[in-house]
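Each of the next two complexes has chain A plus one other chain: chain B in the first, chain C in the second.
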Partner chain A sequence: MNPANSHHEKKRLENPPKSIKFKIQRREKEGANAYWETFELPYRRNLNVISALMDIRKNPVTVEGKQTTPPVWDMSCLEQVCGICTMVIDGRVRQSCSALIDDILLESGGDTVSLAPMSKFPNIRDLKVDRSQMFEHLKQVHAWIELDGTYDLGPGPAISNETAQERYAYSRCMTCGCCLEACPQYGDDNYIGPQAIAQAKLFNMHPVGKTNTEDRLNGLMGDDGITACGNAQNCVQVCPMSIPLTRAIYETNRDITVNALFGWLKK
Partner chain B sequence: MSTGLKIAIVGGGLAGLAAAMKIAEAGHEVDLISVVPVKRSHSVCAQGGINGAVNTKGEGDSPAKHLDDTVYGGFDRMGVPFSRTKEGLMDFRRFGGTLHHRTAFAGASTGQQLLYALDEQVRRWEVEKRVTKYEGWEMLSLVLDDHQVCRGLIAMNLQTLELKAFQADAVIMATGGPGLIFGKSTNSMTCTGSAVSACYQQGARYANGEFIQVHPTSIPGEDKLRLMSESARGEGGRVWVPKANGDARSPRDIPESERWYFLEEKYPAYGNLVPRDIATREIFQVCLEGHGVGGENQVYLDLTHIPAETLTRKLGAILEIYEMFVGDDPRYVPMRIFPGVHYSMGGLWVDAEQRTNIPGLFAAGECDYSIHGANRLGANSLVSCVYGGFVAAPSAIEYAKNVERGETETNGLYDAELKRQAQINEQIISNEGGENQYKLHEEMGKVMTDNVTVVRYNDRLKATDDKLLELQERCGKISINDSNLWATQAVPHARQLWNMMQLARVITLGALNRNESRGAHYKPDFPERDDENWLKTTIAEYSEEAPVFSYEAVDVSIVEPRKRDYSKGKTKSAQVPQPGSELKPEGREERWVKDGEKITEGGSIKD
Partner chain C sequence: MAIKFSNTFLLRKLHQLTGVVPLGAFFFVHMYTNSAAMNGARSFNKHVQDIHDMPYLIFIEVFGIFIPLLFHSIYGVLISAEARANAVNYSYGRNWFYIFQRVTGIFLFFFLLFHILNLRFGLIPGLESFGNPVAGNGGRAFDIVATEFKHIAILIFYIFGVIATAWHLAYGFWLFAVDWGIVIGEKAQKIGLYASIGLAAFLSAVGINAAISFVDPCGLFPASFCEAAEKNKIIEPEAPRKF
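What follows is the complex of A and B.
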């Protein structure tokens, strides 16, 4: 090791345990009772949660030696851009593809990793949840640009690079659900949540999308709308894409107020 | 108002969504079937950019003629946050090797941004009831009538295992690539090629299967291979392995004299900057011979001799990706990399209108063979997906409008196919042969990666096919290890595995037959391109014993084939075909030289 460099380096697990335990929340199907099962794998460097689950799936035997069913979970891109593999890992909601075992153990100081499904969505089985309500919310806020058609109508409107970059930050949302899981207000259809508000913001910022601002704001003015935000600010802390969610909420709330005060003038 | 025409689209990536949008826009109905919510399709992984078609003038009245404006203008108007000029217009950049292409991009996630734009537009059509999404459904087979005409498909609900027949006036396949055949690849876990294989087994022709693109530098992971930009080599990265096989020391404890910088040694003039395909082959070969780090398929790509500040400034974003998934900081610890299967140039055979040989069946995107020949250039995949979708949609509509069929023809067709698929499920569930499906998948991935990727030898290809036959037999003896059939992943995976093995044979035997080197297909025993015998499209047709191969001439009426030649001025050789200009045979060295610079083929963008 080069001592001159070492202090810049990321902290690594110095004395890894021989084996790691995975405590996984199981549920046979929606509505059934949840229970926990623990599995054990030999420690390997560079193991992430997905590789561990793949290993367990191959030979699903618990630490007690009981043959069980393979845990079910969702995965696709494994590069933290599709959002599908989100789950609650050691109490923290995040994508399981980018959850490295070394980092988790370094943080917890233990030799056990707990895996649970997100709690704010219907739990289909084991670690798999149904997030279709998030896509429904995108419909509620008209999260699209109304086009005349996609045939050749020339280029889009001029947009400053500044605005394009700001929109880019919002448009990276992969509908993973971290913000909703972490939000104390979200659940039981009481609140539409940060993701949809941020997407409304994304399209309200576009010169053409702007013309439908009212449709989007209307989608956020009901009882489940923006006023249900409790300002806990958890969302922005757990967002894996670092989307400025609280800013979107603040600015959209302001737009709604302005719209409510002066909207009738436009009629 | 709906016209009453219904088109089923399988796959909700760029190609599938592009087609869905076009069909909905034309007033027709779409059933969109996808294994994952479409916003989570593999297209999100494309980071590079989107190339435009150029020089299309004079090519006749082709659909490609207005593609540039349609694609760029369309996505721009949909609100994709492309980089802008000072005036607020779309900014275009040029990349190495693509002098005549314009590349537009949105941050470092162009694929994600384009997919999202289409996802939003299709959601809008969903609200209008033109598009019905079936997310979490996997296509199992086509429904063909007595005349081998496609009348719809059977799909399975991945939660309930319910089977459902989708009646359709036409079906468009847009399911992407088959990377999982190689076990680990840069592809998403949904990229099994299973649905396309089902079409092949029902009579669809599969073309150019042997052309599989391998990216030189990917990050080996236990779960998948993640792309590492080639710019790491461009910025001075050195590739090496320990001289002693299996040297277990930390890389920093291995002194210079005990490191083998094999690219620098073998190619002193260009060292680590040899072009993509050569780097890929050399790294692969070194590992195949047992010199890989820790005896595994990996070599060091070392940046640690460059000051950390410089690396952060020049390569910050890509080094972060490495750190996120590996945990090591490449500024202080050499990266471990290995070539990774990245893209299939082969796929379902289609004509210029994206029609397969089965009437009523169309294909678009990576699952069709038609765009990239024997190798693909960077930033071309996104445009080919959108193009394929934009052409397949009107083509399918045209077909559906004009096809004549009697009412009674379909009597019992759907039920019969549903029954056949239900029986396959029952068989899989009741089998008790003791084979583990995930281990079989690993075995297949290993034998395919070792023998049917970068360097291909005929004896090994033959042995691979024998192995595939053995695996196929064992596939019939899988005991699924899941007694809970609700949302089980074992049944779908067992089906995918069987289908992957069929395509694996197409890829392997196609490579065995092709005794030449061309594009991504390289045989040391046949190192030259052989246009006289092999300027041909490979066509595979299913039979129970083995794929049946035939070869179709390639239409070279527009661009005459010429030697890949980087020794000449680029503008001259790339701009216009040089009919009759016989290029002298060249050594490898000459191919690397371009005006005294390093080769810029493919550039440093990732996609």
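What follows is the complex of A and C.
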């Protein structure tokens, strides 16, 4: 094929609206009632959700003309590698730094963008959530490698290129929470979710880390472990780092099922 | 390795296993028996009578059907109650299938309750089968069902029931293969899904045709398709035996 023909120009917003409305879910503090406020900004090319929020913060007046508090959100790297600015934009979870207003309007066909915090985590204020449960899950599956000892262990064993590639895919996880937010089974602590399962896989594949495989599988075997996966596979669709989350879940399922079926025969 | 298995793990795996092995296998046998209705009352009644003549029938029925079905349906409803359906915002095929599996499951809970009380036990008041179920009446099985199916609402209810079962079972096979870590890869899962959709269509077609055979000989096929079987019949209708 002629490369000139195979190149597709990215679709652009041809007729942008004069102004854009931002419908933002507000909450004063944890436990307080949530409510919505709408703000309006003049349209400008190449806005993203964060730059729009920064503009709103400068002059927090709603469309009704009411002076209000500046919206609160988390942000850090601004290049979709830290995961902290994750929020629900037009009903779908993603990082707000890489959410371009032009693309959002092109998809919705409207002039309003809705912003809400992730629903599966405690909402601290406005768009800010407490994601520490993901850290608890990492502890539950022993997502680290034991290296400290009384003597130098020397260099670790070599890893094949295939294993290194596969581990690299899992290592891209930035603990953003997209997979948990989109999962129809996750919530109420009855399922650990894809994030921790993929990290258990990452460390089980490490030649030194695999000595703790049992700890990790035990962390996944509890009532709040891997079992409640419902195979809707939303996680792998929404993962911004394209981590093969379902592969991690099913390979772990295979290990556990084989153990359940045949493990007792070894006794 | 010594892994401790939680109760949830064992119950979930048992739920998937009961769906595939006793209940799934039984559905195939059930559709085969129903299809005998294509060849008319004598053929269907003979198949029903063959089931009645099975040795250990009561044990097969209790341990192979009733107990697995009771466990699968009650635990299935509990699993469905956990769902936080979100397919409006996350409109992916498998997310919709996730919801369909729960919707068909809950529908089947009520459908099978009706079906079993109706034709197995004859306990639905107001219907001709009341006190007169198919079970134990092998010789009149076809007539009992045909009388029931004269009510168009009941026939339609049964047709929806068979479609829901076909889908729930065929997609259940896919879920089983995926969840037990048998079909892992992306491509393999895709092929498996197409196979499941094909199986669901096939089982639905067989089930619908069998249901219609009770009101219209040979079902949706032309009568000539079934006549050969009728011509080749060897067993004469049973005459009352006199000693």
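Quick note on the criterion: the second predicted complex is superposed on the first by the 244 of 267 C-alpha atoms of A that agree within 3 Å, B and C clash if a C-alpha of one lies under 4 Å from a C-alpha of the other, contacts with A are read in each partner's own complex, and residues count from 1 in each chain.
What we mean here is this: a residue touches a chain if its C-beta (ideal position, glycine included) is under 8 Å from a C-beta of that chain, and two chains touch if they have at least 3 such contacts.
In this text, all values refer to a predicted model and were calculated from it rather than measured experimentally.
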{"item": "Clash or fit (per the criteria above) of chain B with chain C on chain A", "value": "fit"}
{"item": "First, second, both or neither for A:Gly219, with chain B first and chain C second", "value": "neither"}
{"item": "First (chain B), second (chain C), both or neither touched by A:Thr227", "value": "second"}
{"item": "Contacts of A:Pro240 with chain B and chain C, given as first, second, both or neither", "value": "neither"}
{"item": "Touching partner for A:Thr257 - first (chain B), second (chain C), both, neither", "value": "second"}
{"item": "Touching partner for A:Gly193 - first (chain B), second (chain C), both, neither", "value": "neither"}
{"item": "Touched partner set for A:Gly149, first chain B, second chain C, both or neither", "value": "first"}
{"item": "Which of chain B and chain C A:Pro117 touches, first, second, both or neither", "value": "neither"}
{"item": "First, second, both or neither for A:Gln185, with chain B first and chain C second", "value": "second"}
{"item": "Broader residue contact with chain A after superposition on the shared chain, chain B or chain C", "value": "B"}
{"item": "Chain C versus chain B - closest C-alpha approach in the superposed model, Å", "value": "21"}
{"item": "Intersection of chain A interface sets (partners chain B, chain C)", "value": "none"}
{"item": "Of chain A, residues touching chain C in the complex", "value": "91-92, 182, 184-187, 190, 213-214, 217-218, 221-223, 225, 227-234, 237-238, 246-247, 250-260, 263"}
{"item": "Residues of chain A touching chain B in the complex", "value": "1-2, 5-6, 8-10, 12, 28-29, 44-48, 50-51, 54, 57-60, 69-70, 72, 74-84, 97-98, 100, 102-103, 124-125, 128, 131-132, 135, 138-139, 142-147, 149-156, 158-161, 164-165, 167-168, 171-172, 174-175, 202-203, 206, 208-209"}
{"item": "For the chain B and chain A complex, residues of the former touching the latter", "value": "21-22, 25, 36-37, 39-42, 44-45, 66, 69-70, 72-74, 76-91, 106-107, 109, 112-113, 116, 120-121, 123-124, 126-127, 135, 159, 188-190, 221-224, 226, 250, 252, 308, 321, 323-329, 331-333, 436, 438-439, 481-484, 486-490"}
{"item": "Chain A-touching residues of chain C, taken from the complex the two chains share", "value": "1-10, 12-13, 79, 82-86, 88-90, 92, 94-95, 97-98, 175, 178-186"}
